[in-house]
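Below is one structure, written out as structure tokens; the observations come after it.
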Amino acid sequence: MAINRDTVKYTANLARIELSDKELEHFTGQLDRILAYVDKLNTLNVSDLEPTSHVLDMKNVYRDDVVKKSLPVADVIKNAPSKENNLFKVPKIIET
Amino acid sequence: MDYEIVIGLEVHLQLNTKSKVFCGCSTDFGSAPNTQVCPVCLGFPGSLPVLNRRALELGAKVSIALNCQIAEKIRFDRKNYFYPDLPKGYQISQFDQPLAQHGKLSIIVGNSRGRSLQKIVDKTEKKIRIRRVHLEEDTGKLFHQKDSSLIDFNRCGIPLLEIVSEPDMNSPEEAYLYLTALKSILEYLDVSDCNMEEASLRCDANISLRKKADKKLGTKTEIKNMNSFKGVKAALEYETKRQMGLLEDGKRIIQETRLYNTEKGVTEPMRSKEEAHDYRYFPEPDLAPFNFEKSFLKSIEKNMPELPEHKKNRFIKDYQLSGYDAGIIVSDKNTADYFEKCASLYSNPKTIANWLIGDVFAYMKANNVSIKDLNLKESYLSGMLRMIDSGVITGKVAKTLLIEIIQTGKDPGKLIKEKGLEQISDVKLLEAATDQVIAENPKSAEDFKNGKDNAIMFLVGKVMQKTKGRADPNKVNEILRNKLKGDA
Amino acid sequence: MLNTLTAHELINLLSKGDILPIDICNSIINKIEKQEKSLNALAHFDKEKALERCKNLKESVNKGGLWGIPIFIKDNISVKDELTTCSSKILKGFKPPYNATVIEKLIDIGAVLMGKTNMDEFAFGSSTETSCYGPTRNPWDLERIPGGSSGGSAAAVAGDEAIFSLGSDTGGSIRQPASLSGVVGLKPTYGRVSRYGLIAFASSLDQIGPITKDVEDAAILLKAISGRDEMDSTSADIPVSDYVSNIKKGIKGLKIGIPKEYFIEGVDKEVKGSIKLAIEELEKLGAVCEDTSLPHTEYAVSVYYLVATAEASSNLARFDGVQYGMRSENITSIIDMYKKTRKEGFGDEAKRRIILGTFALSSGYYDAYYSKALKVRTLIKIDFDRAFEKFDAIVTPTSPTAAFKIGEKISDPLTMYLSDIFTISANLAGIPGISIPCGFTKNNLPIGLQILGKPFDEETILRIAWNYEQNTEWHKRKPGS
């Protein structure tokens, strides 16, 4: 097996997605099949290859240090599920 | 048991670009919440980052100053984690191809030896290795209320330079010296405000203890939440004691993150449970990689300002300052600039250094002002020193005059006339004053005549008092001796 | 029946003064009112707003562009103050505060934004069945899917609810639905069109592109949206040529490669037959067609589903209930807010891909999965580099089968993933590709021909496509006729 229930559970937690037991069961089976398929990559010898993370041969794309207009604050917070005095509001975070 | 303290520091520095690292929003401090944000720094769906060239330049400048090897190819990576101050769910940072690596920074360490009465402090140079320097984006700011937390994203996207040292510091004092030396260099480079209170400079520390003979490092704790260099030192001192106490009781150190509580002066474990980190770094597909062209680096190198270490050596050589004086003066760039300006106006740099480190610093300290805000033109200070040399005023008068100049902002020449502070060299006036003093202090006069040479100093002092410090002390001395000898 | 015409035909009528923009708009609205209920091609459409935009068109706007031509936009492209939801519950009610660069470009040349088209949630799918607004149906057979993920954009054009539309293509999401819906779909070279404002699925693969009724319209729309954008670091600073006039040159002597890996077992017989005839047609037109090989084709699906899901897992982390979109109501803590919001907001396929991508990047698995996939991606790119040393273009089927039935593959993700088998490689290699109608099955379902080109050489594939189209009638067939 390429992936088990505990790994799916751990991964879902990393991704911050709550799964029901049923979903967990279901996804574990499906992901295991997908990973079994993907396993065919292991038949290739890739040790001498560079990974392609950017397909174009591009480099050094910059902008100048120039200040541009920011968004009006009304536009910033208009989509917010919860807000207070132009600030985004979330459940209390306990730091200390 | 003898333990060795092992400390490594991680400094986060806001670079003083005008606009943010990946978008055009302003980096000004203190604006109304969420007014310096745009789709890019808010991480709105569909927005994309474009690198601010200036941020890379400033990062390269710091790397050069810290003697690092700058990478030929650099790349940005995504550091993935969830936190409400991180709008995209990832921070654009650098993982395995950072801006620069393998640097070093020198600190001057004092080693005391001998017993307390004949204690000798050796000043030796110690090199702290810099592991890496990388560029990343700052996060938003959280405000905690009773039942909720609020987020302001103005700070989000300000360029941050992370400077990570090797665990080369062996005492809280060394950590403090490292930070001071680092700050001094950063100020010379003019790349950041370096203000810990405004969080433009932040510092986290890793600390562990090990038995002197051990090669393996002990279990470390990470200390956060210090808001001054002294706070860093105090936190590390506390943490050293705490860890030592545990080890001596045969207990184990738990690897954890602890927050420094400034009010209580203690470190406390973070209450929120930290999960094992799995940041899933991968190359940021939205940014093309960067190759440092030689010409780009050369132009930065060409524009590098003189750094404190170099300046110190030059001051010793060119101005014949002692290593100690030069060290104090160059530790702050504004002070060094001030000194050099004065030195261009007045020919005895050693005297400038004495006054600067003595009376000027004392005034600054008492009144809590920096040299930048001090109301003392370089031409006034050097003018005043020249007037001492030419005998217009006495050194004693100069001490009070200096404060008058600072407080009124007036030209020293004018002040001397207004207040009548010129030195009295007129022999007749001085003779009259000495006569009076001898008459009023017959006992001391007698003592001198009987061979008690010290007594003359008392009489000179009395004459100075009578003339409000304006008498030329050498002349007074001469007149007194003549008069008393003549009587004898 | 203005709604059945192409953009270039309408531009012609408008310039002669025979019709007004409002006439086109009304004709479209008419069709939508009659048909949309059965098609479900649109995610957001507000008739009054569309009419208002049409009426407010400024005469002063450059009439030489797309002045007065209505266009539909895939629901993952940001339009300022208009619902942009990626057909996902998690973006319920979201109205971006800015326009995507392509939208700015279209507005500048006078195009009329009509509304947003339905799609697979976050473009995760090949059938438009994973939308939170329900599946879009194929105008050729309402029991079947239109392809995906730009199924709404393709179905709207095929069903004449749209003159043309914009889609996005990460692994075939423009070409596959174009093929299955019998229209033209073009995925530009990575970097040809700005991605600024396109809600990212997989940043290193995504491209916006046109879905149109014929090749000339594809050329017009591509020209309109292409070019370097300072807001997108990955947009290329390479000149955009005058496609419309250049594609009308002949194709005599062009060398076309036919890769054997695209004619394997599992490809429908009728599809194979149509492609074979299309190749013969191209030879008749003077192209030189030769067999070739792209040896790493069989690994493309594996590479794609690791690379794309890894990037997606990171791109979709921002949907956390803090700034926009939905937030779960019954939450007790910040972690609870994240987990419940994402549980309730994402559909099954989104969850599956986020978890797969997170896994591929996670500690201990990165080298075995993500890093390995990127290396095999290099091999796939080299395959194309070598082929293009010899050939001007490569021709393949767009999809191994014609449109399948709604519900047929939805419960089996792997089978669904394999329906992208012929389109995925172009995204991995960054090259352009176009799908054009090239035949029908005996059940009257469209079959598509895919033409792949060299990086930034959209001109050649458009040219081959246009020449083929001029000599065939497939693109003129309409559903229900």
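Here the chain labels run A, B and C in written order, and each chain numbers its own residues starting at 1.
Throughout what follows, a contact is a pair of C-beta atoms (placed from the backbone, for glycine too) under 8 Å apart; a residue touches a chain by one contact, two chains touch by 3 or more.
Not measured: the values here are computed from a predicted model.
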item: Innermost chain, taking as reference the mean of every protein Cα atom displayed; value: A
item: Comparison of A-B and B-C by number of C-beta pairs in contact, larger one; value: A-B
item: Between subunit A and subunit C, centroid-to-centroid distance (C-alpha), Å; value: 23
item: Distance from the mean Cα position of subunit B to that of subunit A, given in whole angstrom; value: 41
item: Chain centre separation in whole Å, for subunit C relative to subunit B (CA means); value: 58
item: Where subunit B touches two or more other chains, by residue; value: 39, 42, 50-51, 82, 84, 149, 151, 278, 280, 282, 285, 287-288
item: Multi-chain contact residues (two or more partners), subunit C; value: 94, 97-98, 204, 230, 233-234, 313, 317, 320, 322-324, 334, 338, 358, 362
item: Sites on subunit A at which at least two other chains make contact; value: 14, 16, 53-54, 56, 58, 61, 63, 71, 76, 88, 90-93
item: For the subunit C and subunit B complex, residues of the former touching the latter; value: 76-78, 84, 86, 91, 94, 96-98, 100, 195-200, 202-204, 230-234, 310-311, 313-314, 316-320, 322-324, 334, 338, 358, 361-363, 366, 370
item: Subunit A - residues contacting subunit C, complex; value: 3, 7-8, 11-19, 23, 27, 30-31, 33-34, 37-38, 40-42, 44, 46, 49-56, 58, 61, 63, 71, 75-76, 78-82, 88, 90-93
item: In the complex with subunit B, residue positions of subunit A that touch it; value: 14, 16, 53-54, 56, 58-71, 73, 76-77, 84-96
item: Complex contact set, residues of subunit B against subunit A; value: 17-19, 23-26, 32-39, 42, 50-56, 82, 84, 142-153, 225, 259, 261, 268, 270-272, 278, 280, 282-283, 285, 287-291, 293
item: Interfacial residue positions of subunit B with respect to subunit C in the complex; value: 39, 42-51, 78, 80, 82, 84, 87-90, 149, 151, 278, 280-282, 285-288
